[in-house]
Amino acid sequence: MQSIINDIAEQMAQSPDKGIVASYIPQLAKIDPNQFAISVALPNGEIYSAGCAQTTFSIQSVSKVFTLTLALGKLGESIWSRVGREPSGDPFNSIVQLEHEHGKPRNPFINAGAIAVADAIMQGHQPKETLAEIVQFIRFLANDESIVIDEKVARSEVETGTRNASLAYFMASFGLFENSVDAVLGTYFHHCSIAMNTHQLATAGLFLANNGINPSTGYAVVSPQRAKRINALMLTCGHYDGSGEFAFRVGLPGKSGVGGGILAIAPGKASIAVWSPGLDVIGNSKLGTEALELFASKTGWSVFGQ
Amino acid sequence: MQSIINDIAEQMAQSPDKGIVASYIPQLAKIDPNQFAISVALPNGEIYSAGCAQTTFSIQSVSKVFTLTLALGKLGESIWSRVGREPSGDPFNSIVQLEHEHGKPRNPFINAGAIAVADAIMQGHQPKETLAEIVQFIRFLANDESIVIDEKVARSEVETGTRNASLAYFMASFGLFENSVDAVLGTYFHHCSIAMNTHQLATAGLFLANNGINPSTGYAVVSPQRAKRINALMLTCGHYDGSGEFAFRVGLPGKSGVGGGILAIAPGKASIAVWSPGLDVIGNSKLGTEALELFASKTGWSVFGQ
Amino acid sequence: MQSIINDIAEQMAQSPDKGIVASYIPQLAKIDPNQFAISVALPNGEIYSAGCAQTTFSIQSVSKVFTLTLALGKLGESIWSRVGREPSGDPFNSIVQLEHEHGKPRNPFINAGAIAVADAIMQGHQPKETLAEIVQFIRFLANDESIVIDEKVARSEVETGTRNASLAYFMASFGLFENSVDAVLGTYFHHCSIAMNTHQLATAGLFLANNGINPSTGYAVVSPQRAKRINALMLTCGHYDGSGEFAFRVGLPGKSGVGGGILAIAPGKASIAVWSPGLDVIGNSKLGTEALELFASKTGWSVFGQ
Amino acid sequence: MQSIINDIAEQMAQSPDKGIVASYIPQLAKIDPNQFAISVALPNGEIYSAGCAQTTFSIQSVSKVFTLTLALGKLGESIWSRVGREPSGDPFNSIVQLEHEHGKPRNPFINAGAIAVADAIMQGHQPKETLAEIVQFIRFLANDESIVIDEKVARSEVETGTRNASLAYFMASFGLFENSVDAVLGTYFHHCSIAMNTHQLATAGLFLANNGINPSTGYAVVSPQRAKRINALMLTCGHYDGSGEFAFRVGLPGKSGVGGGILAIAPGKASIAVWSPGLDVIGNSKLGTEALELFASKTGWSVFGQ
C-alpha cells in the first residue's frame, strides 16, 4: 500500500497540468497549486500517507458528508422530506432545477441541498451551537480534537457567497426554512470552512468503509445499511455534474470540495483522502481525481469489478 | 441461492400493490400484471430461477445495455462524442436538457441517448442489417439462438412513438445524425422490442459480472475495464430519474425497461434478471425493484458495503 | 367622459367576482376588496374620476414606470446594458430565465429588472437619498407634494421579500451590482410601497400620453421618442406573463401592481389610473383590467384600431 | 407618401450592412441580399411602392397572420384552446417552453403555434384541400388571383425542416393533433412557401388597418374587434424574441418571415409591406426593420405616440 501511494504521489508531482485553484473565495485563491497529499485508512487501523498529509486545507463540500450523517442521526429518515436522493444533472449551483421542484433540492450534496441540511440540523439553535456540534462530531469521527474552523476562510465565504445566499433565500421563499436565512448561511459557510489534512479526513471517513463502525474506537457511528446508503449517494451525487464521470473513471463513492479535497470510500477495504488544490472545469480536484483513478486501477478496488 | 429467490418470488406473489402496466404502447398494455420472474446467473455457469422464468417479455430499454456494448465494440471510445456519461436529472423523455446541450444526450440510457447510439451503430447500413447484427449479438451473449424481435410490439411502438420521433428529429436538427431519422427510429423501436425471458437475460448480462468474459463460452466480450465502466453507467444512469433511488435502495448497477424487466449486476458475483410488468410512477418495475432490494439485502451483495 | 366612467364604476360595483387580494405581503392582505376607483387625466388638464379616487393604495410595481423614467433621465440609453427590452414569457418572479441570460433581466418591469434599475439609479448613494429622489420625482409628475412612502407596507415587504432577495443575490453573483444587495433591496421595497390614489396616479402618467410633456406645468419630462418607447415597453411587458392578454383585451400600454393599481396610457388621448385590490391568477387587478377593457371599448381608444 | 418611401428606399440601398440571408432553407440561401421593396396601402385604395415591389419572395412566417385569420373564421375563439396569446420569450424554435406548457404553444406566431393552427384548420381534410383554401383566402385578401405556392421552396423546407418536425411530433405526443403529423407538416411547409410581392402583401394586410374591412371590395373580412386583436398579437408576438425590440423601435404591429418580408399595420392609417432578404441575428429582415423604423418616425404613425 505504501509503495502504491508513493508511486501515485510521485506521478502526480510530475503532472504538467495541475488544474486551476478556485478563485471565487479569495482565501482559497492564495493556495499554492503544487501540493498533493494522499492518505489511506484501513479497517484494521493502519493509515498510509504520501505527500503533504499533515497540511490542512479547507474541506469545503466534503463537509456535506458529515453534516448529512449528523442530520440522519438527529432526524432519521425524515431528512428526505427536505432533500431528494437523485443526481442533479446540472452545475452545482444551478437554481433552475430548484424552481422546477418547488424549492426541494435534488440531493444533500449540491449546495442547495447542504444548505437545507444545515437548516434541518439547527433545530432552532444558534449557528454557534450548531457549529460546535458539527465540529465535535467531525473530531469524534477523525479521533482528533485539534480540528477547527478556519475563520478567515469562513469570513471570505460570507463576503463572496452571493450565489449561495440566492439559493437560500429562494428556498426560504417556499416557506421551507425553520431558521433565519442569515443563520443558516452562517452555519453553512462555517462548516464548509473546516480545515483538515488528508490523514484526518481519511480517518473520519473510515466508518463508511467499515459498515458504519469507527474501528479505532469501536463505536457504531451509523448502521451498516445507513453507511451503504451514504456511499450510494456519494457515488451518484458526490461530484456535482461530474458524478457520472467520476463513477466511470474511478468507480468509488466519493465527495469532492472546491478546496481540492476528495474523500473516497472503497467499501470493506479503505477510506481514502486526497488533496490537491487545482481544479478541473467542473470544480473537482484535477490531480485528486487522477490519483484516485490510478489508485482504483492499481488496487482493483472499484466497486464495479476488478 | 435457490431458497433465497424462492422466498423472494413468494413474497412478491403476496404483494398487494403490483404497480401499473405501461399503457402507452398498446401491445404492452395487454400484459397480465400478476407475473413475476427472477433468474440469477453465476460466473461458474450455474443459473437459478424462480417464477415464470421461461415467459418472454419485451426487454425495451434493457436492450440499451447491449446496443451500447455493441457500439463500444464497433466505434470504441469515440462513441462518447455522441452521448455523455452523466445522469440526466430529468424524466426519461425530457427534451429540455437536450436543447440546453445542443442535441447531445446526457447518457446512452435515456431514450435520446439510445437513439443516438442506434444512429452510430448503423454506419450507413439499413435497419434490417443493423437489427440482424444486434439480435445476433444478444443471441451470442445469451448463448441462445431462439431470441427474436416481437414484431407486433415493434409495430405498436412505431405507431405510438411520437415523443421518440420528436427527440430524433430534434437531434437531427443539430446535424448530428448520419442516417435518416426514419431508419434510426425503425432500428431503435425494433431493438427495444426484442423478447427475452429472465433466464436468457441473466445469462446475457453475465459478462458484466465477470470482468467482461462470458463464462459459458470463455469469450472475452469486452475488456475488464470496459465492463466496469458499463456497470458504472448502469448505476448512475440506468433507471432514468430514479437512478439515485435505485442505488440508494438496491445498491447494484441495473438497467430497467418499461416492459417490466430489470437487469442488475453484482460485480464478481452474479448477473440477476427480474421481471414483473407493473411499473412505479417513475416507470421502473415495481416488484422488480422490490425483489432486487430484497435480494441485495439477503445476499449482502450491494456494491456499497455488506 | 364622466358618464362613461360612472357607468364603468357602477358595473364594477355589481361584479360578483372581485378577485383575491394579494396575501404574501401582510399589510396588503388586510385591504377590503370591495373598492374600486378610476381616474382619467386628459392632456388639456381635465381630470375625471369615479369611485374612491381619493383613497390611497400601494402602487407597488406601477412604481417601476417611474423608476425606469428616472433611470433613463440619469443614465440615458446605457440603462439597456443592465436590462433588456423583451417580454419575459415567464411568471414575474422566475429565476430560470435570469440564469439562462447570465443575470441580465429581460425587461425593467419584471421584479429582477426593476431591482437592477434600482441599483443603477443609486449610483453609490444611500437608499434614503435615492428614495428621496424617487419620491420627489413622482411628486413632480403628479404635481402633488403629499405623496409619501407607506412605511408599514415597506417593512412588511422587507420581511416577506425572500423571493426578491433571492433574485437580487442571484444578479449580484454575476458581479452586476454596484451597491450592496441590502441597500438595493431596501430601495426597491420602499419605492414599491409608495402610496397614491388614482387621481394622483393618472396625473403622474400624463406625460406618457402627451409626447413626454406634463401639461399642468408645461415641463418636458422626457422626449417624445422616449415617451413612445416607455409606452411600448408597458404594452409588451407591463403585465408580467399576462401582457399578451392585456394587449389582446384592452389594447393600451399599461403597468399593473399587486396592490391592485393599473396605469394605462392612451397615447395622445389620456392617462388612466384604475384601482381595485382583488387580483386575477396572474397577479393583475381583476376589476381594474375589466374596467380598462370596458373603457377602451367605449372610447374606441385601443392603439390597435377603433 | 411617395417621396417618403422613395427616401427610405434610397437610404436602404446605401446601407453598408444588409444582414445575412437565411441559410437553412437552401432555396432561400440563393437570394441576392441587395434587394429592397416597400409598399404602403391606404384605406382609400391608394398604394405607393418603392424598390422592387413586383418581385415575389417567400412570405414564410408572414403567412401565419393569414392562417390565424382563417382559423378564427373557421373555428372562432375556440382556437385559443390550441394556442395561447402570450409572447414566448424564447428563440422561435424553442421546445423548452412547449414542454413546460404540455404541448400548447404560447402564441400562433411562433413555429409551434402556427403548426397547431395548421392542424386546427385542416379539420380532417387533406393538405392539398387545406392549402387550396389558404391560397384562395390570401388571393381574396390581396385581390389578386396570381398568387401561388413556390413548390421548390416547399420541397426545400420539407427536406430541411427537422426542427419543425420535432416540434410537431412533440405536440402530437401530448395527443393534441387531429391530423397526421406528416399531413400537418406538409400543410405548414407549403403555406410558408407562398410567394408574394410587397404590393400584394400590403394589399392583403389592409383589412387589419381598416377595422376588418377590405376597402377594395368592401367585404368585412373580420369584425373590428378581431382586427384589433390580431394587431395586438402581431405587436406582442410578431417578431419572435425580437418582438419587444420591434415595438420599442418601430411601434407598429408587425409580422416578419425568414424570407425577409415584414407586414406592418398602422391602425386606421395604412398597411405596409417591406422586403429585404438579409436578416439580423434574431432572424428578422435587417433593412426591413430599419425601413419601418424610418417610416414610423417620418409619418409619426407609431401606435405609442407621435
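Brief remarks follow.
Labels for the chains are A, B, C and D, by order of writing; each one numbers its residues from 1.
The rule is short, and it goes like this: a residue touches a chain if its C-beta (ideal position, glycine included) is under 8 Å from a C-beta of that chain, and two chains touch if they have at least 3 such contacts.
Just so we're on the same page, UniProt names per chain: A, B, C, D = Glutaminase.
Since the structure is predicted, the reported quantities are computational estimates derived from the model, not experimental observations.
Hopping across touching chains, the smallest step count from chain B to chain C is 2.
Per-chain CA centroids place chain A at a distance of 47 Å from chain C.
Distance between chain A and chain D, defined via averaged C-alpha coordinates, is recorded as 55 Å. Rounded to whole angstrom units, the spacing between the C-alpha centres of chain A and chain B is 32. Interchain contacts close the chains into one ring where each touches exactly two others, per the touch definition above. Touching chain pairs in this entry, ordered by label, are A-B, A-C, B-D, C-D.
Interface residues of chain D, counted against chain C in their complex, comprise 84-90, 97, 106-107, 208-209, 211, 224, 227-229, 231-233, 235-237, 241-245, 247-248, 251, 253, 267-268, 302-306. Partner chain D is touched in their complex by these residues of chain B: 94-96, 99-100, 162-163, 165-170, 172-173, 181.
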